[in-house]
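Read from first to last, the chains carry the letters A, B, C, D and E; within each, the first residue is number 1.
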Amino acid sequence: MNAYSYTLLIPLIPLFVFLLIGLTGHKYKPSISGLIGTAGLLVVTVLSYMTAISYFWTDHIAGTAYTSLKVFEIDWLHLTEFLTINLGILLDPISVMMLVVISTVSFMVHIYSLGYMKGEKGFARFYAFLSLFSFSMLGLVLATNIFQMYIFWELVGVSSYLLIGFYYTKPSAVSASKKAFIVTRFADLGFLIGILMLSFMTNTFDFQTLVSSDSPALSHMGGATFLGLSTLTWALTLVFIGGAGKSAMFPLHIWLPDAMEGPTPVSALIHAATMVVAGVYLVARLFPLYSMVAPDALVIVAWVGGISSLFAAIIACTQYDIKRVLAYSTMSQIGYMMLALGVSGYGGHDGLGFMASNWHLFTHAMFKALLFLGAGAIIHSVHSNDMREMGNLRKYLPITHLTFLIGCLTIAGIPPLSGFFSKDEILAAALHANPALFAIEYLVAGITAFYMFRLYFNVFWGKSTHYHHTPHESPLVMTIPLMVLAFGAVFSGFLPFNELVTSDGLPFEAHINYSVAIPSVLIAAFGILVAYMMYRKESLVPEKIATSLGAFYRGAYHKFYMDELYLFVTHKIIFRYISQPVAWFDRNIVDGTMNLIGYSIEKASYMIKGFQSGRVQQYGYVFVTGAVALVIIFVFIW
Amino acid sequence: MNILTLFVLIPVVTMLAIGFSKSMKSIRVVAAIGMGIQLILAAFLVYAYLTERAAGNTAEMLFTYDALWFPSLNIHYSIGVDGISVAMIALTAVVVFAGIFASWEVEYLSKEFFISLILLASGVFGFFISIDLFTMLLFYELAVIPMYLLIGIWGSGPKEYSAMKLTLMLMGGSALLMVGLLGIYFYSAPDGTPLTWNLLEISKNTIPIEMQRFLFPFTFIGFGILGALFPFHTWSPDGHASAPTAVSMLHAGVLMKLGGYGAFRVAIFLMPDAAQEQAWIFLLLTGTSVVYGAFGAIFQKDLKYINAYSSVSHCGLVLFAILMMNQTALNGAVIQMISHGLMTALFFALIGMIYGRTHTRLINEMGGLMKVMPFLSVVYVIAGLASLGLPGLSGFVAEMTIFIGSFQHTDSFHRMLTIIAAASIVITAVYILRVVATLLYGPIRNDHYNHLTDARWFEKLSTVTLLVCIAAIGIAPLWLSDMINFSLAPIVTKLSMATSSFVSIF
Amino acid sequence: MTGNIPLEYFLILSTIMFFTGIFGFLTRRNLITMLMSIELILNSVNINFVAFNHFLYPNNLQGHFFTLIIIAVAAAEAAVAIAIIINIYRNFKSIEVDKVNQMKY
Amino acid sequence: MNIYDFLIMRHELVLVIIALVVLIIDLGLKPAQKRHIIPVAVTLFIIHTIIGFLPSSGGILFGGMFHSSPLLVMMKNVLNIGVLIILLQSYSWLIKPENKEKMSEYFVIMFFTLTGMYFMISAGDFLMFYLGLETASIPIAALAAYMHHRTKSAEAGVKYILSSALSSGILLFGLSLIYGTTGSILFSDIAFSITDSPLQIFALIFFISGMAFKISLVPFQLWTADVYEGAPTNVTSYLSVISKGAASFVFMLILFKVFFPVMEVWRDILYTLSIATMIIGNLFALRQKNMKRFLAFSSIAQAGFILLGIMVGSKLGMTSVIYFILTYIFSNLGAFGVVSAIENASGKLSMDDYNGLYKTNPKLSLLMMLSVFSLAGIPPVAGFFGKFFLFTSAASAGLYWLVFIAILNATISLYYYLLVVKAMFINKNETPIPAFKTDLPARAGLILSALGIFILGFWSQVYEWINNLTVGIF
Amino acid sequence: MDSNILFFLLAGTILLFSVLTVTTRRILRAAVYLLFVLVSTAGLYFMLNYNFLAAVQLTVYAGGIVVLMIFSILLTSHISEKAKLAGMKQSLLSALTVVAGAILTIILLMNHQFTASSEPAVSPDVQNIGRHLVSYGENGYALPFEVISILLLAAMIGSIIVARKESLAANVKPTDENPEK
């Protein structure tokens, strides 16, 4: 037993809760399930905070590097002589940080859902799934080895699938869940192949071994190349593809907007705060390896992040579904994090990007969960997702309004809210490494502010809309989480991330880079201003602008036709040009051959029936001819 | 009495008891009791086996028993088990047990039904305990033939056609097989020593390479046909589609495993040199069938066809892994056999139960079943997740072991194939989710389905039994994997001694 | 008494007779004439046996006795065959061989 | 010649005596009492069968014309068992009014033909062989035409006698040439002087053709189906089982004893014939609807399998052939027994009439199923073992491809055997053959065959017993 | 008479009438031609000194079988009736096979070197034959002699059951099966 053995409870409690509710949930009142789930998460949250406090502060000797601790490990499956899949718990700065993020957001969502999901059919099921998700996510972040991560990675995917498809009678939800699972699974294939390659080269799955300074991967650096990239780069790029799928990076992002079909708390938890950042976490987890052996892969990471953030931000400006706007915003923000990792170096101040990425992950979890939950409160009160059907809600929903505004300001990067700090560090890191990417991100910062306030003004200001039922503020179970998260969004910027979560575990000196910060604040303010002008009051300006942008606007509005492209690939190519021919081939050629054999035998049987003519003379003829033929064959020819 | 003999004896006794049963109720109760005892026995066997091993018994086969049967041909009734067979026996016991309950309500000629079913089971048990090639073949064919009646009498759709096709193709397979086995027999011992059918003894002898080259394809394809080797798999979709529930379960769940088990136990084990040489051909075939089956499944509309094609894909993976011929892949192959056996049995059980209620198997005609039969639907989803390789369920363990194992080959041929095979997990996800989405989710498409009932106790028992096993393997695979691994070691040692001429071909 | 007729002459004679008999068997329409053809066949075999016995192996009488037995068997055969043919005639009102083909294929 | 020499011939002597006894008793019976001849004849035959199993030593009588050895005795015993079952199964057919006046003749002819087969088996020279052969075939023609008021029966008779006469003519021509080239008709002498000179090969081929007629090998098989269909069912089973079995034994014995110096030649010939027989037999059987015709073609295909064992020429081959014929006897008699029982009860013979039989006559259906499975070589019934050992023997000579073709053919044959099973178990029928009870003797016959089908395979002592008696060429 | 001429005469007769037997359209004539063939064959036997055999040939064949055939012809056909001829195709094919077979056989016969036995000859006189027929040792033919009697008995019984008209048969309606399609 070691000091951290209680961390074992962190994933196990949600698992137990899941099994409990899943197996017995239908036996008692739904609300009890909710309470059980919430209570479980409360314990988890407390334990997570205990862990964080002890790890970062109480047990830590100041000035030394944070080391990674393997507090628990069992053999799960023996594969080869060297490769064993273990299940265990690894504590290091990023995993502990993730514990905090996940438990906080999850706990809030649990509480929030008590109100939001009240009366829904399948309330117990919802909590069971939430617990399953929490278990999987916690297992993922605590993974000691890449294969354990992959295991929980898949579990997270399936919980996401189940939660997106929570309203299973709704066809759109069903197809969204399907899409989410399949797209991420496609990406996971890359992950899996990456693991195969990596594990084959290094003979280990273990993170500590992989990322150590004498990593077995190092010996393969000069190894074989394929299309100009070394095998290791390929492996790590493939691993990144897995991460990109989960984190909805371009072009594997298409599932994320659709995933908003799930209940809003789910979107907050999974598709904003926790699961979607798993990709970032994955890259961060292997970061030393990336930076040591495959810097080329990091370039890819950076560019994918950059492009995704810009791409998503543009689309976000054109969407009317508030959850979709938030979804694209999420994608955009994750792009930031990826980019930060991609441009980061290793160790000391070079690792600024790494730190910024994690920091942004943290703050983003807070404010994005806040925004989603706020959006949920809005939807809850007006029964619609479409911002065109909203307006002037600030009167009806004061608490929601206020917290939502905080969220918007945070994401826009207005100081001294947390988003400002983390985004600033990212921009600083990008500027340092790659000015082009910096320019993109700088632009995105402005767009972000614009679309968030477009949303904000449209919903809370703008036209006065008549509602069938007067919207009313949500109950306390829903507003308290909003407030808690708003608190987090405001203050998490003051956490000393540069001391806690760094690439090499050692603290380094970080400060606000005013040459970056001031312009970014300015562009954010500019974005807000534009939004204010366009959407503060109902006007025709947005429409005019949209018209003047023409094709570009339509493209953005249609998400640049990515969905259509995917539909084309899946339905036309895979379904019609692969699957259908395969099925046809199987029925007609393969099976047909078998039937043909049978048919020819039958046919032959009919063809030779004339020999059995019933005429004894013919029999005699065949007899004699047969004998003579045998003579000819065996006497004369043989 | 040797514990293994009981595995054949209990079914026989059960069949007799059923034969003397009068009412339908007593028939099925007798069947359930018999197979229940069998299940307990299987569990005990696993326990006993592990204890023996833990006690340090390193014999290749445990619980052996040997009786001379036909002295002049040196045919023995020779039985014994290693970890692999123990696992397969346990699988069989579980599936048969579940199958009995899945067919609880067979009314038409129920006595005959249960007798045939148990006859089939006894063939399978016999096959797995056999060490002697002759008895192996005997039990193999014994297991195949009741299929004809089971499908023909109690099946649905074009049952006569399917039953005939299935039987003939499988018997065609055993034609190849018999040639292979006979050839093995006549080269089973060095000149001057008596020939033998005993697997273990044959394995000590090296069959001349020319003969191996000749016999290996016979043996492998012979077993492969039952293992749904592309392009000899077409009996499988039609056969499964027409078969009654329990038969599909047993067939896909257990009988198809005879193919994989045999291909590995006989073809590869006894003729490693030829296997090394010719593996690439069959790897291409099986690699194809993994992807091909999955793509084929996407397009199907009939639940059973979907599952049948899925079986083609999954069983293709078994043969694929077997042909990789290293310890990890072989281990994966065995786990995959068990895993696929359990989940495909579960699938077929569920399909049968759903069909029994909706009277259609076309997914387009159904929808929203989750609402009316939550239990069955949830189990279906879990089975689907197992099939697409979700961690925590058995499919994942098997597939990952196979992929890791296959990837241990250092040449790009094997690796590319591995990657292609791995790609099947995505395609699998596509068709599984498609089914789940169309069948279980969405609005109810037919009003009349609103009145359907959920699973009854025996159906629950049947599905839960399978489900528990799937989850047990998925959550704690280590005991199973280690049990198999231990038994694989001598086989792999023999394989590695085989001259690898693979490289020379490429 | 045989002079210098070579064995081969007998053999050729019997061979031609044999195949003539077969030809008859294959082409005659009447069941009784088919039976006659059979007798030709048997007769040719007899000539063979006798010729061989006489020319090559006069040291025993195997060929001779074989012939004797064949003649007896031929008689038995003819008796049964004729009985059946008469029966055919009763049933079919004809002894045309082509009429006797109720069972075929 | 002394009393012990007669003991060596006890099969033949006892059987002739039985036949004569039956004939004499029959003379003394009034028409109304004629039916009592059946139990007498059957009982006598049972006694004869039992006597046959008494231990006997071998010996050579009549200057080498008559051989006996434990092997030959066993072959005769095998035939006896088959005949016994047939006699039992014939009961309900024989007591029909139209057969009433010629019951004893049925037995007498059967016994005489069986005697012919004994002599054929025991023959030490071609003269006895020929005589046995004719004794075993000519009277059967009369049996085939037994129901002479039926056109089909008459037709069967005439087809059989004519074809048989032609074949024995050809066979004799071959024999005459063998005599001419080797100078003897004694097997032992011929074996010394036979060579592979073209004329001898020619003679061999004619000999094989003649035997092929009896075993119904392609292309000498065309009579089979018609005769089987037309003859009374029990005669058909006699023809298809006993006559064919005996001919196969003899064929094998002569090839082994006489023609072994030219084994290379006849192995190739049999190879060809075997493949042709299996394929053609199967192809014809596929389409058949008449059960007897169907079984006829199936028995043709089975004959092709028998060749597999014969052409090996080894002890293993001989053992497996005898064993196979034993299993074949039981399986085929099981099938014919059911066909005959149904024909006697309902007059129905078409496979379509069998639809839904299981509903009304489950036991008969089960027996039929077992029989056809046994014929198809499906475990656990005897046919599987029989076929498997045949294949083993062929494989022992390295004839793997032949084995493969044979098993493929077995698979094709499974198709049509399954058609029977399908008819009985799967097909629906508005008017199935009504349930009926078979009479006691027939049931005894059916049970005997069922027992044989079941026990032969598992009871390996039978195989070993045969194996102890057989000899190979080498 | 020169035996050569005798042989050729007999052989010629045999061949001629053999062919006529199988080609004539009148059945009764065929029987008569057959008789000629059989008698000529007996002549051959005489020529070769097998007097006993020749006698048997004459009595059994000519006297027995042919007479039987003639009776049955009379029973079943009209004397004036002309037999139909086989179809052209059938005749041609049969002729082809038969001619091929004959030629092959003759070629083989001519090419074979027959070696005569050098042992002393046994005279085929009636005493010898009689002794052989009843002896059961070496070169004894008692067994075939007995067995042929079984055959003849069986054939006789067989002929009777087939050919006789039973009292019952009149009462039993012939069950006429329809020919299978």
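We adopt the following convention: a contact is a pair of C-beta atoms (placed from the backbone, for glycine too) under 8 Å apart; a residue touches a chain by one contact, two chains touch by 3 or more.
Since the model is a prediction, treat every value here as computed from it, not as a measurement.
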- Those chains that touch chain B and also touch chain A are D
- Most contact pairs found between chains C-E
- When the mean CA coordinate of each chain is compared with the mean CA coordinate of the whole protein, which chain is closest? B
- Task: Return the chain whose centre of C-alpha atoms lies at maximal distance from the corresponding centre of chain D.
- Result: A
- Message: Farthest chain from chain E, going by mean C-alpha coordinates, please.
- Response: A
- Item | Centre-of-Cα separation between chain C and chain B, whole angstrom | 64
- Message: Just the number, please: Cα centre separation of chain B and chain D in whole Å.
- Response: 42
- chain A-chain D separation of Cα centroids, rounded to whole Å: 77
- Cα centroid separation, chain C vs chain D, in Å, comes to 27
- Touching two or more other chains in chain C are residues 11, 18, 21-22, 25-27, 34-35, 51, 56-57, 62, 65, 69, 73, 76-77, 80, 83-85, 87, 91, 100-105
- chain D residues counted as touching two or more neighbouring chains: 127, 131, 134, 138-139, 141-142, 145, 148-152, 157-159, 162, 166, 170, 180, 183, 198, 202, 225-226, 287, 293, 412
- Item | Touching two or more other chains - residues of chain A | 609, 612, 614, 616-618, 620-621, 624-625, 627, 631, 635-636
- Pairwise, which chains touch? A-B, A-C, A-D, A-E, B-D, C-D, C-E, D-E
- Note on the structure: Residue set of chain A touching chain B in the complex reads 75-80, 83, 85, 147, 150-152, 154-155, 158, 161, 165, 168-171, 174-175, 177-178, 181-182, 185-186, 188-189, 192-193, 196-197, 199-200, 570, 574-575, 578-580, 582-583, 586, 590-591, 593-594, 598
- Item | Residues of chain C defined as touching chain E within the complex | 1-5, 7-13, 15-24, 26-30, 32-33, 35-37, 39-40, 43, 46-47, 50-51, 54-62, 64-65, 67-69, 71-80, 82-87, 89, 91, 95-96, 102-105
- Would you tell me which residues of chain D are touching chain A in their complex? 158-159, 162-163, 166-167, 170, 198, 201-202, 205-206, 208-209, 213, 218-220, 222-223, 225-226, 265, 268-269, 272, 280, 283-284, 286-287, 412
- Query: Of all residues in chain B, which touch chain D in the complex?
  - Reply: 69-73, 75, 134, 137-139, 141-142, 145, 148-149, 152-153, 159-160, 164, 167-168, 171-172, 174-176, 178-179, 182-183, 185-186, 214, 218
- Interface residues, chain E side, partner chain C - complex: 2-4, 7, 11, 14-15, 18-19, 21-23, 27, 30-31, 34, 37-38, 41, 44-45, 47-50, 53, 56-57, 60-61, 64-65, 68-69, 72-73, 75-77, 83-86, 90-91, 94-95, 97-99, 101-102, 105-106, 109-110, 114-117, 119-122, 124, 128-129, 132-133, 139, 141, 144, 148, 151-152, 154-156, 158-160, 162-163, 174, 177, 179-180
